[in-house]
Structures are given as structure tokens and as C-alpha cells.
């Protein structure tokens, strides 16, 4: 078990206290690629920032995130700083702005090695070139000296990945790494992540809103809605929870030829609009009157398949 | 309403400004002593009961002259901001909206005008059209046109590209309607921030001009003039110099703070 | 390279506009330079001789043409009041204004930037509030009043700074010592401008993604500030220095008057009161051109430093 | 309390001798220092260094120490021989014969020769744009003949009782290339350098013809426009002599510096344009004269040290001064109102009072006068006028109603009073009086001193009664000097004589 999150709550205290993530619990096994999927605003990115302890000052959190035998939420800033980059690292969505525009890309990779390893300058350069090679970058010496704005989106994301895997961390969190890229580069990056995961034994938490993408890449998938995990499954096709099923129907695919595309009625409730009971109840086609009152448990129905719904597997 | 530290600009700036506006308001109805009547026996007397802030070298009450001076100060501010903003926004709108040759031309003129340090511009204007409060106001007004033009232009350039403008054009709205109804309201907040800033600059400029002997005319009191007249008596009657200096600084400080608050507020 | 050429052409056109403004403004000035030169004793025919001598009787456009031709040839014409070549007068005194201006900008930047950083770091704390009020106060105090207070407090009460101007050539140390007071009077309000800009830029940079990447790499907050945020913040700071030049030169005119420094500021005020039109026109064009040129250089420097933009 | 003691101390000084600074007791301990460097504060730049072109009073005040004419004014207002040793006037008052002082040298070491005198006096003729003193002299010179190596005879076209003061025109070397760049004369000090807006430096002329003078080695006239920084420089000891200081600073400086109060040959007037209604009516002018309380102005602006005057002449001119003119119009509100009623302005009138911006003293006087006139119903609207415009519109153009200015006195009483002659170029008050013109004409025709004095006094009385302008005051001349500076001699004209100054230690 690389990381285990239990009853994670995240609040925002602007004028009043709003709950963004509601006692989230899930874990990521060693070497596993765990998908975290949900519409925007469901709290998936917040979770990743909570793990990295990079939430804004006006956010507060509770619960525990056990990683390498410690609860990350209780670590001091200094301890957390030494963890970041060495044991946990992150890949961001916007490659264009994720890199410091004034530093050469090679140097930005070497910086991580400089902090966490005692390699000499020359050794760091070699390791950086090695890493750049691993992420399938071409003419390494030349690219090393380039500035971020002189590289393409795909190349820049490879640099970010190189930075993430520099110190062989236990866990890499990828927060929608391919959303900003065109489709062809997207598949190259996904293959790269798959290859790296197989070669090294680090585990990968892959956050996205694209169900298809997550379906192929991840060993297990957790579907989030309005701050809760509603279902954790291995294969998308055996999804049971109505929200997941609706999402699947909404994906245009040859199977549904001729039928008009299904779209879920209503919209995702904002933080202040969340009420008691099952979060999906107001939009759930199978919603019963009880759904609005009780918040269902996330129960394990069949080996590893967890669902948060009163009427499934009754 | 839990007043957070963040709003300090509003609180302090607002309080000082209210205090100054209160003084100005009172000055319309009541002044402790006549502003022009002199009695030379009491000249340069230190603050005492009947003259709360002491008297100047003609024995006139400094407090009432400061209160009357607040009218001039705000008048100078309002009129010069009026001139500066109306001309500036107009120029900025035209050059921002239409772009091309006009934009290039107007921008070059504003560059040239901005090259003259503010005080220099007023100096030139006043030595041509003569001293006096009207010319001071016009001079300071013209001085602030380039800043307004710049801000409005950048606002227009930013808004012009957005969809809702294209949509308005598609609906056949006339240029004037688009400028007036659509773009201007969205560009208004940076203009308001600039207005507060140039209001305080106007007061500072009036003081500097009076120091150089070109500002508002005797005997009607202006803070700048009192400051320049009083500097000779600094050693003998320091209160005479400190009073106008502090009034000017307080007014400018409060306006700058409100400007900062608006600027921060505008961003969120 | 085209960017470079385009920039130069814009600059020359602006300079041309500047010269037109400062020349034409003084054509419609009341008061006759010849009379104020020869003074109240002079007879009418003497005044007329001087007027023709100075071509004051020719139409403005011709006068302007000759004026510009001479300037390009390096002959800035002769001051009526001092009956000496203006180039000489400016030459003698430009050193004072420039060293005062540079000194003031250095102070403003040296104090403004750290103040800006502190302001940004302690943005929403009590300490941060005091800092921002302090820096705003600097902007609120009129320069010349500040000058007078400095003059009296440091000049008389503490007998700290002498008032006799000593040029850099003669004795650099006391030159700097003497210019400290006026430079500070001039710099105080600029410090708050620099600090405010610095604070806003840093707050903006803090939100940027690369800062989050840096955190995720395990860099400590201070390191992130020094290596990442400040460097990115310094690039736009250079443009602030460009903006300061106009304000500093304007302020220098007033501060020189207070500290009685023989710079071109006092020369200008002297020229305006004695209607020494040629002198005033040249000085105003000179100051405006310095501002335009410095802003031009800053623009180019900004492009060179920031790799993102290629010339 | 502090202020009163200060004023007493100053008054004590006044009584102890009009301006001539007696050495008080603590002085005897100090010994006279030979040489030393002196810094004098002046407020304006030189207009021309060429003595024959220089017009501004500020230039003559400084260059008085460099140039000398055949004759030279003294601090008592008399004329003594300088370049000339002695002179004779012919019976018909037409030929003036000057004998050259032997051994007198120019600053460049050359001996002064008759040819230099002839060169200097012919140079100023023709269309040379010289100042008025030089021009009036040149107009009246018929011929200049060299009698021998030591004497020269100057023949006038017509008799002029006032010509003597014109012979103070500077004598300069005949072979001088550019007098403007290198001013060379015979005065006690030699010109070194002039940096406009900064300073003008002179040094002691070793072989000056008058023995025992000057003592000071080097003099720097430091140009400081701003009054406040001048005071501070004085307090810091960076300047040693501050002539014409504002009276308000007396209390600040009295214990750190010497303060000398003298009577100045300067008349502050409220000029009323006699061609403009209602000032063409003498009753209105008299009413204004009665309404104005010059004592209050003197107390407020000149620390009570100025003297109120009744005519266009300062008491400094001693025997030429007509004492009876004092008090012709003492402050009397009722009389003023009565006169206004008679003139038909019972409920007063309004007029514009233009004030020159670069003289704060006059602007402040304007403020007080506008208040005083309110008491008799006259509303004076103050308008500040920039100096350049004042010269053109008001002084030359005479387009004004009322203005306040000070007229500086000359060594020759005729030059002080000739302004009021009807057709005189500088009669900007537009005053016309046949009687006054005749008296002034007669003065020029006679040379006998006694009758001239009688005529001058009669002229002053006419001015006092006709009151073309309101004579406000003769402001006191206040000079602040370094604690250890002695020997300051005030002059009835606008000069600073450095030769008599010395330091004590």
C-alpha cells in the first residue's frame, strides 16, 4: 500500500465555511495506476493538492493521508518539503506555464537532483540527460540548453515528467497531464506514463475528467461527484453506480449509433448548494425519496468494487 | 461584517477622507475667523485657544484658511480630473477601439506629452496663459490626459477582442453604442482607480506650482500657497508650515489608499 | 531586427513632436524676451535691434526651422539672459541634475524593491498593513516640503549636511554627501511607487504554475522566492525605472530650487521668470528627449533580458 | 518674550550710530585678521559684465568693486576722485578738466593712460547699447581733448548741473579684446571667474591706488535664489554676508550673527495710474493715501524698522531730503471717507492691484493694503503678475490701474526725481505737472549747490501734495554678517563695498 487516504475533508473559509471534499477514502497500491475521475469542480484536483500540502492558505483540511507510515497532514513544513520531489512528485496540466520561463529546461530538471541528491554538477547533468532520454526527448544536448518557450507542448510535458521521475519517487500524481495537449501528443504521453510505470515500481495517481482515457490506462478507477467518491471499479464496463453509467452513456461511441447523445439533466451543484443525502440524488434517474435523506455508505460489494448507493446490489 | 486586515486601505483611507470632507462641508457654513481679515498685532502667534492652529504672518487664523483651502483643493482636484478624464478617456477610446493609423497617431502624441515631466508641462502652460486658479486647474487637467488615454486604450484593446463585442457587432450595433454601452462600463473600474490617483496628483501639483509662485492667487487661501508662503517662517513659526503640509499629505494619502483598495477590489 | 528599427522610428517621431510642442508653446508667451533682457532702461529702438538680431520678428515656422537646423548642427543657440551659448550653460549644470536623478533612482530602487518584497510577503498581516501605509505615506508628502524639512532638520539642527555644492570632479565623496539630502527628498515618493509595483508583480508571480512546480520539486519557500519569483519579478521592474525618469526629472526641478543646486532645474525656472525663451525651449526639449531616450533604452533592455521575446 | 528682546537689541544697534557699526566692548579682545576669504550672498545673476552695458542694479552692486570711473561715490553720497586725482570746472560750466592719478594701474598690471580714458568715454557714444548713465553722458559730450600725458579736457554741449555723477562711468583698458569675458578695471578687486547661477569670484588687487584697502583676499559672490536656503547657509557659516535680508529672519539670526539695520535709498510706492479713472482725480488719490496706514505695513512686514516717507526721496539723501514732506497724509479714515464723498465715490469703487510675483515683500504689502482699503469701501482685487509681463504690460505699456513696486535711489538726486517729469520715458504713473517740469528743468541749468537743494526740496513738496503715487515706506536695509566680520559700510546706493570689510579673530 503506497498511500492510503482516510476520511479526508477539505474546507474553504471565505465568508463562510464551505466543504469541498467530504470524508474521502481510497488507497493506491504499490506500482498501481489509480484513476481519479469526475466532472470539473468535484474536488479531484483539490485532493491532489491536499496530498502535496499545496492548498491555498484559506483552505483547511482534516482526516489522514498515510504515506510511508506517516500521516502527511501532520508533517511539519520542513518534513513535507523534504518529501516533495523525493518521494511524491506531481505533473501538472498546463505545460506552458508549469516551467519557469527564465530558466533553461535542463537546469530545471537538474534542480530537483540538486535538492535531494548529493550528485556533483557533472553527474547531475548526465542523470538529467538520461532522464530526458527516458522520456523520449530527441537531441538531448541541444534541448538541455533551450528555454521553455522554445519547446512544443509535448516536449515541455516530457520535461515536467522528467522532473517528476528524477528521484524515483514512490508516488507520482498526474493532474490532467494531457488535457492541454492535442490528441496525438496525448497518446504518446499516456504510453510514456504506462511504460515508466511498468519499468519502475512507482505508483501513479492519474486525475482526469476523460473516462475513456482513464479506462485504458488505469488499473483501478475512482469516480468522484461533488466531493464524494461514488464508485471504485477495475473495469469501466462493470460500473454499477447510476452516475458512472450516465457518464458512460454520454460518451459518443459507435455502439450508440443513431440514438441522440444522452446528457445528464441539471448541473453539478456548487459548494454552497450541496445538501444532505446522496449528492447525486437531485439528478439521479433512479433517485428514490430516501436517497435525499441518507448519505449512502461506500460499501465493498464484490472483490474491490465499492459503490455508494442505497439501491445497487440490494 | 468581519473587517479583515485586507480592507485596511478602505478603513483608514475612508476615515481620513470622511474627516476631510467633513471639514470642507463645515467650511461652507462656519469658519472660526474671517479668512482675509488681518490683524498684524497677532501675527505668527502659536496655537492658542482662540486660534486653534495659530496665526500666519498677517495674523490671519490658519485653521479657517485651511478649511477654506480644502474647498480650493477639492475644486482643483475635481475640475482637473474632470478635464483629464473626459479628454483622456475619449482619446483612449478612439485609439483603442479603432486602432490603426488613428491609434498610432494618438499614441505618439500621448508619448510626447508623457515625456514632459508633469510639473514642466504645467510650468509651460502657466507661463503662457498666466497664473491663477483656472489656469492651474486646466494645466493639471491636461497633464493627466495621457495617463487616462493610456489606461482607457489598454482597457479597450482588452475588451474589443472578447466575444460579447463581436456578438454586439453581429447584432448591428453602431460603433458608438458598442463603445458607450458595452466596452466603457467594463473599462470603468481601472479609470476610476486612475481618477483617484490623478485627483491626489492634482493636489500635489497645485502645491508644487504654488511653491514655484505660479499657482493659486492671493488672497484666496490654497494649501499649496500657504505651504510655500510659510516655509520662510519655519524656524520662527513651525506650526504655520506643518499645518498645510499635513493637510496635503493626509488628503493625498487617503486618496491613494482608496485608489489601492479599488485596484485590489477590481482584480478579484 | 525590424522591431528595433520600428522602435527607433517611433522614438524619433516622438522627439520631433516633443520639439514642436516645446517650441510652439513659447511662441505665444506674453512678455517680450528682448525687453526683459535689456530691462526697463532700454529705449524702443534698442529693443527692436535685439528683436531682429534674435529673429523674434520672423514668423514662427521659419524660426522653428532655423532652430531645429542649429540643434542638429549642435549649436543650441545663445541664452538671452546670460548671452552665452546654451550648450555651455547646460554642459556646466547637467552633471548636477543627472547625478541627482541617478542617485534618487538608485535610492528608490535600493529601498523600494526590498520594501516591495516585504509588503508582498506579509501581505495580509498586521505588519504588512503598517508597511503599506508607510510606503504610501512617502507618496503623499510633497517633495519640496520634504526637502525643506530635511534641509532644516539635517542642515541646521544636526549640522549634518553642508549646502555648498561641490562637483563630482573636485571631490567625489563630498559630492555624494551633499547630494544625499536632496536625493532622498526626491527618492522618498519614488520608493513607494517602486514598492507598490514590486508588491503587485510578486503577488502575481506567486499565483503562477511554475511556482507550484517548484514547490512540488521540494524547494523551500525562501529558495523559491530567491531563484524563481524574484527573478521573474525583476524583469518588469526595469520598466518601472523607465517610468521613474519623467517623475524624477520633474521632481528635480523643484528639489534643486529648495537645495539651491545649480542644476538645469534652477536654470529652467530662472529662464521662465526672465523670459529667456531660447534657453527654456532648449532645456524643456532636452529634458523631454532624455525621458524619451531612456524609456526607449529601457524597452530595448527589457527585450534583451526577457528570453521569451526575441528581437 | 524672546522676540521683544531681539527687537530691543536691534534698536540699540540703530541708536548706536546710523548703520556704521561701532565696535562694542567684546570687540576689543579680537584682533584684526589680514586677508581671509569672504562669501557674499546675492540673489540674481549678472546681466552683462561689460560695465557700460550693465543695467541691472544687482550687477552694479557687485562690479562696483571691480570698475571705477574718473570719480567714485562714497558711503556719504558724495563723489571723490578715483582714476582722476583732481578736476576743474571752467567758468562757463562747459569744460571739465581731469588730472590722471599717477601710478594708478589696471588689474592686468598696465598703467592707466589718458588714451584709456578717451577710449572709455568715446566707446559709449554712437549707437552703443549702453545703460542710461553712460548714454546721458555720451549725448552731452562735445569733445574729449588730451592736454598732456596727465590731463584730459571734456567739453560739454550744454550746461548740466547733474553731469558730475555721470563721470562714475567705468574706465577700461583701450586694448581690451572682450570686456565681457575678462572684465578689467582699476577697482580694489580683480575679476577671477563667473559661473552663471552659481558664483562670481574676485581676488584682492594688490597694487590698488587707495592705500591700506582692501583687507579681504578673495571674495565669492554666491548666487542663491531661495531665501530659506540662504538663511540656512548663513547659519551654517557657508556665507559671511547677506545683504537685503528679510526682516522676519532677524529673530532667528540675532544670536548667531551680527545684524546691521540701515536706511536704504529705496522707496516702496503704491503707483496709481493717473490716466485711469478714478485715479485721475487727486481727491481719490488723497483718500487712498489717508486710508493706508503705512505704520501697520512697516510693523508687519519690516519688523517696524522701515521709515514711512511722504515723497519720492529717502532720508539717506541727507541735505537733499525735504523733512517737511513727512506726515503730509497721516492715516485718517474719516478724512479718506470725506474726500471719497467729495469725489463722488461715497460707496467706494473697485480696482485691480497688480503685484509682481518675484517680490514677496510687495505681494504681502498688497494683501495688507487691500484689507485697509476695505475699511473705506474700496475693493482692491489682487492679481499676481509674472515679472516678464509686469515689465512689458505695466512698466513699459502702462496698462494697469494700481501696482506696488520699489524704486531704488541713485547717487544723483536729479536721477531719483526725473521719473515724474511729464514726458519722461519711465513715468509709468502718467503724472503730469507743469510746475514740477519747470523746477526740474531749472535744476539742470544751474550748478550752485545751495539753490539746487532749494529747488529739489520744492519739487519733493509738489510730489508730496499732488501725490501721483502713495509713498508707503523706505524699507530698512537689513544686513546679516558673520559674527567675526567688521567694517561694513552701507551706501545710499545699491552697492556692496567689500574693500572696507575685515575679519577679526
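As written, the chain order gives the labels A, B, C and D, with residue 1 at the start of each chain.
Keep in mind that, in the parts below, contacts are C-beta pairs under 8 Å (C-beta built on N, C-alpha and C of every residue); 3 or more make two chains touch, one makes a residue touch a chain.
Here the structure is a predicted model, which means the values were calculated and not measured.
When the C-beta pairs in contact are tallied for A-C and for B-C, the bigger tally goes to B-C.
Chain nearest the geometric middle of the protein is C, using mean C-alpha positions.
Subunit A and subunit D have centres, each the mean of its CA atoms, that are 93 Å apart.
Averaging C-alpha coordinates per chain places the centre of subunit A 53 Å away from that of subunit B.
For the pair subunit B and subunit C, the distance between mean C-alpha positions equals 21 Å.
Multi-chain contact residues of subunit B (touching two or more other chains): 127, 130, 231, 234-235. In subunit D, 228, 357-358, 386, 389 are the positions where the chain touches two or more neighbouring chains simultaneously. The set of subunit C residues touching two or more other chains comprises 30, 148, 152, 156, 257. Inter-chain contacts, as defined above, occur between A-C, B-C, B-D, C-D.
Residues 36-38, 40, 43, 57-59, 127, 130-132, 213-214, 217-219, 229, 231-236 of subunit B are the ones touching subunit D in the complex. Chain contact summary for the complex, subunit B toward subunit C: residues 4-6, 8-9, 12, 108-109, 111-120, 123-125, 127-128, 130, 200, 204, 207-208, 211-212, 224, 227-228, 231, 234-235, 241, 245, 248-250, 252-253, 256-257, 260. On the side of subunit C, the complex with subunit A involves touching residues 208-210, 212-221, 228, 231-232, 235, 306-308.
Across the complex, subunit A meets subunit C through its residues 52, 54, 77-78, 81-86, 89-90, 92, 94, 97-102, 111-112, 115-116, 147, 149, 160, 163. Subunit C meets subunit D in the complex at residues 30-33, 35-43, 46, 49-50, 81-84, 89, 92-93, 148, 151-152, 155-156, 159, 162-165, 257-260, 262, 266-267, 270, 273-275.
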